[in-house]
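Just dropping this structure here.
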Amino acid sequence: MRKDFRMSAVDLALLAVAALLALGAYAIPFGRQTAARPLIYGASAMLCTVLLLLGVAVLAGQAGVSARVLPIGLPWLGSHWGLDPLSAFFLVVVGMGGAAASLFAIGYGRHEGEPMRVLPFYPAFLGAMTLVVLAQDAFSFLVAWEVMSLLSWALVMAHHRTEGTAQAGYVYLLMAGFGTMALLLAFGLLAGPAGDYGFAAMRAAPRSTTLAAVILGLMMVGAGSKAGLAPLHVWLPLAHPAAPSHVSALMSGVMTKVALYGLIRVVFDLAGPLEWWASPAVIVMGAATAVLGILSALMATDLKRALAYSTIENVGVIVLALGLALAFRANGMTAPAALAFSAALFHIFNHAAFKSLLFMGAGNVLVATGQRNLDALGGLIHRMPVTAALMLVGAVAISALPPLNGFASEWLLFQSVLLSPDLPQAGLQIIVPAAGGMLALAAALAAAAFVRIYGVGFLGRPRTDAARSAVEADRFSLAAMGVLGLICVLAGIFPGVVLDLLAPATEAMVAARLPLQAEQAWQTLVPIAEARSTYSGLLVFAFITITSSGSAWLVHRFASRRLSRGPAWDCGFPSNLANSQYGAGSFAQPLRRVLGSILLGAREEVTMPPPGSTAPSRMIVRLRDWAWEGIYQPLAAAINTVATQANRLQFLTIRRYLSLVVGSLVSLLLVLTIWN
Amino acid sequence: MDRIAFDIAHLLAGGLVLVSFMMIYQERLTALLNVFAMHAVVLALSVSWQAHIQHAPHLYVTAAIALVFKAMIIPGALHRIIRRMGIHREVETVVGVGLTMLAGMGLVAMSIVLMLRLTEAADTFAREDLAFALSVVLLGLLMMVTRRNAVSQVVGFMSLENGLILAATGAKGMPLVVEISVAFSVLIAFIVIGVFLFRIRERFDTIDLGALEEYRGENQ
Amino acid sequence: MNALLANPAYAILAIPAGTAVLLALLPGYRLTARLNVAASFATLLAALALFFVPRAAPGPYLLVDDLNIVFVVLNTFVGFTAAYFSASYIGHEMETGKLTAASLRFYHAMYQLMMFGMNLALLSNNIGLMWVAIEIATLTTVLMVGIYRTHAALEAAWKYFILGSVGIALALFGTILVYLAAQPVLGEGAASMIWTNLLSRAAEFDPAILNLAFVFLLLGYGTKVGLAPLHAWLPDAHAEGPTPISAVLSGLLLNVALYAVLRFKMLIATHPDAIAPGPLMVGMGLLSLIFAAFMLYRRRDIKRLFAYSSIEHMGIIVFAFGMGGPLANFAGLLHMVMHSLTKSAIFYSVGHVAQIKGTQQIDGIRGLTQSHPALGWGLALGVLAIAGMPPFGVFMSEFLIVTSTFAREPLLALLLVFGLLVAFGALILRLAGFIFGEPTGKVGPAEASLAPLYAHLALVLAAGIFLPGPVVAWFRAVAALLG
Amino acid sequence: MELIRDLLVQGVQMLVVVALAPALLGLVRKVRARLMRRRGASILQPYRDLLRLMRKDVVLAENASWLFRAAPYLIFAATWVAAALVPTFAFGLQFNWTADLIAIVALLGSARFFLALAGMDVGTAFGGIGASREMMIASMAEPAMLLAAFSVALVAGSTQLSTVAEHMATEAVGLRVSLGLALVALVIVALAENARIPVDNPSTHLELTMVHEAMVLEYSGRHLAMIELAAALKLLLYISLIICVFVPWGMAGAQSGVLAYLAGFGFWLAKLALGGVALGAFEVSIAKMRVFRVPDFLGAALMLGLLGVLLLFVSRSL
């Protein structure tokens, strides 16, 4: 062979994955050594950075689309791997989240009680997620997908002796298996009876729109359950908080995105054209998930659980955007489709950044105070200034406030909602604006939720000694958070850069892209046309900084700059009880009464002591999870009953067993007699 | 073959079915064992008749096995077991004898219908013979299912084996290997049952399976 | 001697038979145990030799073709690892006084006799001989199940024996019927019992008798396969016998019975007018799968738990073969092999676990990864593999079965998926209990031989990631053979 | 030259809004006082208050963090930027395209976010009350606002305020039901966002019903001044937003002459004054409602906004 062998991008990516897996293997014998932790996490960070760069290179057109077939996996098929723009974009997400989490873990991992339950799985988990993104045939995809679930399960079970983890892990793995089955069926349809499991063959095969819709449904179940789409989300708020925080960051920030990758890959790329009527279900499901998720986040008193719920909200937002893209694409409106799709991808990127950041912050808090309960925190901004500042960045970003990145992507999404009148179908014309309203509601509630989380957790006065004696986290953790915070700010100020970067992926999926943003003045976003709508994160940022600092300077220069400290006034009734502050529960009360009572069946039970008694009066809040009560419990009950009934067959007499045999014989003979 | 030979074979095979029925309505173990001995004798007769008309001398061996083992040794052994262990003498049935009889009728009817309709191709005699054999097998099963205590179940099982032998001999020129295997299996079956009765007796005074079945794998 | 070298098949039969006699005479369990291992290994070598020695033409009694090579090699391999495992396991049983030297001698002799029976059943070209061989295997296992002489063991063995012998009878009747169908075409005598002749002329047989025969054979051998509702003997036999025997039962005996069913399925399938065997097998497979899946939830005994999981997997395999077609058959074969390896591996670990914890009760087994990491993770990997998790081989076969079925028969695929999920839930529920949480009972170090366990797991893992070309070609040939 | 002029205009607008905001507040108070048969303080009173506050020391609670001190400037800046981007007396200002209606809503959102955080920073009960109620009100008001913005944007085919205004100025629009609904919704939202009666009472303290005041309770001196100024700016912003969307007549076109600008400015002042008077009159005429009635009030706005949007679609699809 004269043509010399050149390493393509995908080869490099696969090598990086192999290295990650090797790291995991290395951890099994050597993980106990103290030197192992920084080595493993450091190496993972580097490898993830490599993956990140590879993705960027492909998106920027520096490295061509590449593919590689390895002689493993399904024998007659081999395992196909490839790096096209879509994969590259998600490779960027995985690389970014993975690198940050690993860097974070160099410091955070020191506090891990049983490192041997984390170190072997962690790098392999990263590798598996990468493989999902790279896979180009059904079998490799599903193997990688399921291995990803399995390893994350092992990581969730790392703290297997803390109560609640067992149930979390069980529900998680069960839902993962359920999702995989749905994916199996979807791929079964895609492959057809001949069994062409290669993505290329699936893409090529003609398919009726009805069949495509069925596949879409199966994917919504399969990938949706992994991404946390309501009502398949119940495992998520259990499992994500249970894991070590750097793993939570990965699961919430990256793994849900990988799940969405599966959805996008199959629905937009493989399944073929869809009718418009397939999209409303997706849109409604996304909107409902968003509102339900953020409302639950608003009610949760556990810091990490609240973050997990907010992940559900963001997944809902993304799915809503994807549904819009489907609706537009089905009507041949490629430019709006591109807008919605870019919004989805952009939000995926953003959420990966700020949700990882927030979970890391939660991890620092957990280490510093040993507390996840918001009502046990408070005043951390004094004890952990850097963590608090970075958490603030994350909170502002996730609340979709300008000038940070969260707003940029939601703004794009609103723009695409505003294009809905051009849709021909009345049904969509009604649904889309309603969904837009729910989106706005979700955004507003998100702000409320994060004011609550940040205000109760970091501001005010410490509520426990643990919070009073918290100490700032180590520099690795802070560095990782700092990087992510920087990304949030930059992506908010220069959204055009990110959009141009992900344009190839958009083009590949919806056959259109946003106008090139790089040539716009002042980094302005111009999704459709200058006259229609524009937003310049850079200028807004500049204006705010200038005016705020300017006004501050003026005031201090010309008015007064004197300042004295005194006790809080509090309308003349200052109380030095830390519990007199508003807590997580009390902050949520207004919204709990307004929305929670309907959507979450929130009930307050107040027990008043009899007059004269000094016993405290108690208020207990009960929330109901409709999905849990409506779907899962009945299902479990049904299986239980059947199992109990079937179990009688274990306790028959031999004679009865014989009669079973005879019975089946006689019945088969009867079948024969009739069959003749 | 000539008419008379056919009729005799037919008679004997039918007789076997009849004896099976007799076994079903026995109420005392000893009587049951005697009837089973008769069952074996009839089988031996039919087999040897087959040997005669098929000019297959090796079938006489089978007949002999049937006669010696099933008609004499085993009933004797079971008699001794019953005596030694002082098993209460009556057969405990699950459903009334009448019902069992009806079920038996049904089974026989089914097997005959099945066979006669199935095997137009095979020669008439083999067909008749198979029909009877199938009925004997099914009746044996029925007996195992409707009897409570082990001896009668064992008897049912053996009558089932008899049915098999009837079928085997009915099939023309079936190699010796099969008969040997049948005998072999019966032999093994008895060794093992013997072993089991023995072991079981070490623990319980009765071989009534009911006693065994208190414990069924997992405590309920 | 030359004959042995010329045709390894003879060796495969002669070595166990000879060793069985020898073991029956030799005293001292250490020696017998070693001899047992050695003999099993020799048998394995002989089986491997089948690949290299040119195949002898099918004789009146023995036959070597693609189909049974798969089974023979698997059989002898697991037989060897099980013997290796039992060497350490039985030693422990002896020390704890659960077994006497005499019963051990008996045990080893029976072990080889059983191996002989199974190998004979696989290699025999004569349906009568095959029947005899399977009965030998069954009866020897009956004896070994009862070896502990405990109340439970005897009861299990008795149940196994009664149901087994009924199965014997039905299978024999089926065999006679096949002969009866063949006799008009192939003439009287041994000729009409030779498998190869039957297959070549099956199309001319009387379809009606074939149908009847298949019903009896399916039920007769199906009892051994452990298909619901004929399964009753299986859980108790697994639970009460010595663990090596549980491993062999699940890993091998079920396969041998399945092999018989497959042979006759091929026979029926060749006949155009005969009843289609597929639907019957698919139905029984689904029934077994779903029934066993539900039974998993209420188990209190760990070995019985995995016994039911064996029923479940046998259901899947029979389902796959019932569906037929190149993909499904390939998947069925793969699944069978993977199940044998994985399930025996699980039983190896379970055996040691039960010895360490001193109980088979599921409640008594907690936090294994905490107290015995190597053993615990081994068990975990095994259970995850059997639950159909990648990258293990079972996943590949389940992937193929589900996808190929859904494209052809969506409804059946949904039922299949339902059963798989229910079983998955139960297994994971139990697994989490076994390996996580605070350790219960004795946490002392275990003198466990993990080599066979991890050897099997490694094979299953390798198969899930990479199937060598020759193996694939060979499997596909067999799949084509099965039609 | 062009550029310089545009920059100049933009600068003028920025200064004008911040300069006029207290006066508008004063006007509203004056009107209310008058209607209550009181003479009331002069319209310039707010300026005096602000100046006095500016000169006073800041007394900071011990527990206050840097966030508490930075918040006033951030709030002021965000509000000011938002206000500067709403066309007041002329279309097509230099930086109008920096942010559209949605972005302006979001900017106000950021201001509110920091205000609520500041309210919780000291760790007093009142601060918490204010913050939680503010966020509750906001989470109802913001969607309503956005839906109103939707229907406006759908009519105008743009979310760019100056484009919207230009489009509205043309006769092409005519009268539309959805616009009316949007107007009502917007007014309700404006009342809520500016803490006016009936949602909140800007002139109360020591009441468990207070929302905005509760949050700023701990502020003093220059900080309080910045926040008050921001509040005034916000009021002006909302009124001129309503003006420029629903009654844009008389606004100066882009790059028109000085005279046009002056005329536009005059028109704007008049409209602003009218708005102020109307607000005052409205506030006097009704009573404040209980906090937990507020959601219903805002829910109505939400429904109106949605209805407006839907009607628009229906009319289009017909």
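A few points about this structure:
Going by the order they are written in, the chains are A, B, C and D; count residues from 1 in each one.
Just so we're on the same page, contacts are C-beta pairs under 8 Å (C-beta built on N, C-alpha and C of every residue); 3 or more make two chains touch, one makes a residue touch a chain.
What you see is a predicted model, and the numbers here were worked out from it, not measured in a lab.
Comparing the chain pairs A-B and B-C, the larger number of C-beta pairs in contact belongs to B-C. With centres set at the average Cα position, the gap from subunit B to subunit D is 100 Å.
Separating the centre of subunit A from that of subunit B, both taken as means of CA atoms, is a distance of 69 Å. Here the spacing of subunit B and subunit C, counted between their Cα centres, is 31 Å.
With centres set at the average Cα position, the gap from subunit C to subunit D is 78 Å. Residues of subunit D found to touch two or more other chains are absent. Of all residues in subunit C, those that touch two or more other chains are 158, 162, 166, 208, 211-212, 235.
Annotation for subunit B: residues touching 2 or more other chains are 114, 117-118, 141, 144, 153, 209, 212-213, 216-218.
Remark: the chains found to touch one another pair up as A-B, A-C, A-D, B-C.
Contacts from subunit C toward subunit B in the complex involve residues 126, 128-129, 131-132, 135, 139, 142-143, 146, 149, 151-152, 154-158, 161-162, 165-166, 168-169, 172-173, 175-177, 179-180, 183-184, 187-190, 193, 206, 208-209, 211-212, 235-236, 239-240, 299-301, 304. By the touch criterion stated above, subunit B contacts subunit A in their complex at residues 94, 107, 110-111, 113-114, 117-118, 138, 141-142, 144-145, 147-148, 153, 209-210, 212-213, 216-218, 220. Partner subunit C is touched in their complex by these residues of subunit A: 71-76, 138-139, 142-143, 146-147, 150, 157, 160-161, 166, 169-170, 173-174, 177-178, 181, 184-185, 187-189, 191-193, 195, 197, 639-640, 642-644, 646-647, 649-650, 652, 654, 657-658, 660-661, 663-665, 668-669, 672, 675-676. Against subunit B, the residues of subunit A that register as touching in their complex are 650-655, 658-659, 661-662, 665-666, 669-670, 672-673, 676. On subunit D, the positions that touch subunit A within their shared complex are 54-63, 65-67, 73-74, 76-78, 80-81, 84, 95, 97-100, 102-103, 106-107, 109-110, 112-113, 116-117, 119-129, 131-133, 135-136, 138-143, 146-147, 150, 153-154, 157-160, 163, 205-206, 217-218, 221-222, 225-226, 291-292, 295, 302, 305-306, 309-310, 312-313, 316-317.
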